[in-house]
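The following block contains the structure, expressed as structure tokens.
Labels A, B, C and D are assigned to the chains in the order they are written; within every chain, residues are numbered from 1.
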Amino acid sequence: MSLLEFVPDWLKIHGPAFLMALPLIMAAITAILPNKRVAWASTFIVTAILTVTAFTIALYNAEVGTTIYNMGGWAPPHGISLVIDALNAPVIVLIALMSFITVIYALPATVAEIKPNKRAPFYAAFLLCTAGLLGMTVTGDAFNVFVFLEVSSISTYVLVAMGAARDRRALSAAYNYLILGSIGATFFVIGIGFLYMETGTLNMADMARILADLDGGSRVAKVAFGFIVIGLGLKLAMFPLHTWLPGAYAYSPTPVAAFLASTATKAALYLLLRFTFFVFDPSYAYVADVLMYILVGLGVVGMIFASLQAIFQTDVRRMLAYSSVAQVGYMLLGIGIATTASVAAGYLHLLNHAIIKAGLFLALGAMWYRFGITRAEDFRGLGKTMPLTMGAFTVSGLSLIGVPFTAGFVSKVNLAFAAWDAGWIWAVAIIMITSILALIYIGRLLLSAYFGAPPEVNGTVVARNEAPLAMLLPMWALALASVIVGVESDTLVGAATRAAELLLGAG
Amino acid sequence: MTDPETTPVADKFGNDPHVLLRVIAKFLIPLIALFAFYVQFHGDYGPGGGFQAGVILAASVILYALIFGLAEAKKAFPPRLIRYGMTLGVILYGGTGILNFILGGEFLNYSNLGKDAVAGQHYGILAVELGVLTTVTTVMIAIFYAFGSRQPETSAEDW
Amino acid sequence: MSLFAAAADPIFTVPVILLDISLLALLVVVAFALVRMRSLFGIVMLQGVYSLVSAAWFVSLDAVDVAFTEAAVGAGVSTVLMLSAMLLADRKSTPVPMRRQFGALMVVVLAGAAMLYAVGDMPAFGDVNSPANAYVGMDFIGKTAEEIQIPNVVTAVLASYRGYDTFGEVVVIFSAGLGVLLLLGLNGNAGRWEAKPNGQYINDRSAPSAATAKDTRTSDQKAEGEA
Amino acid sequence: MSDLFSQYNYIIVIILMMTGLYIVFASRNLIKKLAGLSVFQTSVFLLYITIAKVSGGQPPILLEDKGYGTDKDGHALLEGTIQTAAGGGSYILPGPGSDVLYSNPLPHVLILTAIVVGVATLSIGLALTVRIREVYHTIEEDEIEAADFVYNLEGTAD
């Protein structure tokens, strides 16, 4: 890789630790910066460096394969190690990139949504959330996952509650999220405790080795697996455990909603993959059963049920939130079929959906910023009053439906083919049906935006009022990204296939 | 309903109903703080460490606030200090890690800090425990200040 | 019967068993009392008692550092925080009818049954050869004596071997402080908010309140809110 | 044999965990839910510490070998068992020929971290409760939901 030549050597070796140390320390410093502009600039620079670091890590990983970084110089299993492999490198890039894009967008958005004296702590909490998500992605230690899960969760609760300046329901949404999130994290800790009881170690690779020696382990390991799946299921909004999600996405500040929708559930999904296929193994009967019946079952029910709920929402942010639950169903379906192709398709959808949903939330936030729009009926005439914003929303929306030459199309088609190959023909039908449901809930917005007349205020038609450049750039970057992924899909498909091969072995 | 910020130390006749409490607290609070530092620096040898010491140190300030009023406590331990203290602790901890970076080891590998690995570990543990102490103390006081400064909406008769 | 057998087991002594059983029984009593309790003051106090009894139990299980922390945090700081939050909120919780607790009961019974299912395969209490006690955890004792050379193994593991976890812990505490500052402010004025969605000015007093809650606004504020 | 006793702790701890979880799910009062969450988390700590116990062990604070070995008062049970670390550290370690046993320190460390996380969550939850009380004038979930329902209707009316 020629790009790697521009990066200093220490960054390649210490990259994973740097990725964690930088945002954590800078979050502390950002919190006390007196000037809100300086706080934004510091966050911007940090996320930019994070993005560069993440790309370095991913490229370096593609070159040399799995790397292990021993925190504190203590080798695993005694110390905590950071592991970079084909499975988490793309997720790291995704989180870093999304934080960078969101920070650009946050400059105008926070002006409208966050009080001036709270902006520096707000950016600090945002950095903590980013660091927490990165931390739970890079770590190779099961208990360390919990610690960084909580770093990201606690800052997320606060970030969601910051939406109270705009809508007081943000407070109760944040409280619900806190209760369910803490229960999820505690279930996860119970699972880790049982696994520790069974294996005597906390290092994931070591756990995997010992569990394989025990041939899946005793009933303790089975229960541990169940608790880990439920705990992560709460975090990733698996269908019946998703009740915190609509409120948290709908009432949080717009940059936060976009960032959460694109990263928080994705990091939890990554962990589910890591535990299901790496620590445990689908060759254990109980894991196979959970994959086949629980994950697929809940995924499919969630796809249909949440899509239907999305159709009946009046608030567009709640609609997108329910749509997220439905999309998580796609990923669970891919994971549950448990062939290399299907896991790759589910993983690909994880990445693509992050791009798509972030684009939608950013565009929607810009509409709120200019016109205070959150409801579906207010979309009338947006094609004329905010053409560029609506354009980005349209591209991302079409991608969500799965129109050809978009990111959503690539992952859905891959998933459908994988399901077909595995003989799950009914799953292909479900994918078609939910795509049609997505067409309904996105389509009605597009119709009213492009064919409805702009509303009149005091007898004059509302004039064109485009979003500021700092909002347009991020949302168009994401909209274009979903088109580029749709047309030139090889890079991401390759990355997803490598990840799936790492988990399931080639073939 | 009294505002905790302006609760007078004595009533208008100069009678202090809590004089005994105040005298004993004045005697106890330094001892509690001293005990916190004992817990901090004895953490290598017995139970204790930065976290426990931080909570105990914060408890001494909280006791001060309970007995002498929040306004007095804020004079003794100003809120501005708290925001810097929280940050300082994280920087102490993370900075130790970064220093290990610069000295050529891994993040948080204290072995390079001293003349040999064991001495380095001792210095490193001392430094990070101080970081823990700083953050925990200030955050605990911050949380107490935050709750204590709010106006209660339910009056005492609701009990 | 089996208790006497256990008592005869040379590795367990009668006081240890009695202490263990009575402390656990106390915990169960406190937890069940918490379920029934409606006075929030009582709930907060029982929660503190629960932490304190747990701390005592931790001592009997050799976890002195944990006991110290649990006593300082669970029984101390947590109780103070819950009390001060309760003073700002309510004194009583309204009872929930039994039929609405049925779902909760089902979830809890299912989760509990799952864990009880695993109990049979769990290593015996105090087993020195259980996987957990025979592998990584115990290595730290020898490693600490050699590589760190401080007597308190817990401190050594906390600050050095798992120092990265502890860094995360400091950050968690930092983010809690940051969050409370963002939500409440240090000087008690952060609960006031105002916003202008849809060009309509609203603030925390003018936002519609629960129909059942008593309206604490003055007539001026009402007029201001409706204007 | 002592089967009942050997699993007795686990059973009680599981009952305690589920009691805490039940309080969270069954109560509709925000503060009571948080108290339940706290009980739930504390009970998980009990589980970890139960795992760490070694019968006949002592707290994982290494006993120092003072050089005058076995005849020191109170150290009688260590008679003839002193082992020094390979690296020259003078601590009494468990091992062959040693009577000294320490309980497993690793779960203790994990739970120290978890306690901190628990109090952090609790403080954020309480701060949210206080804000909710200020805005909604109630901390009963049913009343908050009713208020939000009214708010939704009023919101769509304009």
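What we mean here is this: contacts are C-beta pairs under 8 Å (C-beta built on N, C-alpha and C of every residue); 3 or more make two chains touch, one makes a residue touch a chain.
Note that the structure is a prediction, hence the values are computed from the model and not measured.
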A-B against B-D, pair bridged by the larger set of C-beta contacts: A-B
Length of the line joining the C-alpha centres of subunit A and subunit B, rounded to whole Å: 37
Rounded Å distance, subunit B centre to subunit D centre (Cα mean): 22
Centre distance in Å when subunit A and subunit D are each reduced to the mean of their C-alpha atoms: 30
Distance between chain centroids, defined by C-alpha means - subunit A, subunit C (Å): 29
Sites on subunit A at which at least two other chains make contact: 20, 24, 27-28, 31, 71-72, 74, 143, 147, 150, 154, 157-158, 161, 164, 168, 190, 196-197, 202
Two or more partner chains touched - positions in subunit B: 45-47, 51, 83, 86-87, 90, 94, 97, 107-108, 110, 136, 143, 146-147, 150, 153
Overlap residues in subunit C, where contacts from two or more other chains coincide: 64-65, 69, 73, 77, 81, 85, 88-90, 115, 120, 122, 130, 132-133, 136-137, 140, 147, 149, 151-152, 154, 158, 160, 162-169, 171-176, 178-181, 183-184, 191, 198, 204, 207, 216
Chain contact graph, described as a line, ring, star, complete graph or other shape: complete
Interfacial residue positions of subunit B with respect to subunit A in the complex: 83-84, 86-87, 90-91, 94-95, 97-98, 101, 105-111
Residue numbers on subunit C that touch subunit A, as the complex places them: 114-115, 117-118, 120-123, 130-137, 139-140, 143, 160-165, 167-169, 171-172, 174-176, 178-179, 181-183, 190, 193-195, 197-199, 204, 207
Residue numbers on subunit D that touch subunit A, as the complex places them: 17, 21, 24, 30, 33-34, 37, 40-41, 44, 47-48, 51, 106-107, 110, 113-114, 117, 120-121, 124-125, 128-129, 131-132, 135-136, 144, 148, 151, 156
Footprint of subunit D on subunit C - complex, ascending: 2-3, 5-6, 9, 11-12, 17, 20-21, 24, 27-28, 31-32, 34-35, 40, 43-44, 46-47, 50-51, 54, 57-58, 61-66, 69-70, 73-74, 77-78, 81-82, 85-86, 88-90, 93-94, 96, 100-101, 103-105, 107-109, 111-112, 115-116, 119-120, 122, 124-128, 130, 132-133, 136-138, 140-142, 144-147, 149, 151-154, 157-158, 162, 165-166, 168-169, 172-173, 175-176, 179-180, 183-184, 191, 198, 204, 207-216
Footprint of subunit B on subunit A - complex, ascending: 14, 17-18, 20-21, 24-25, 27-29, 31-32, 69-74
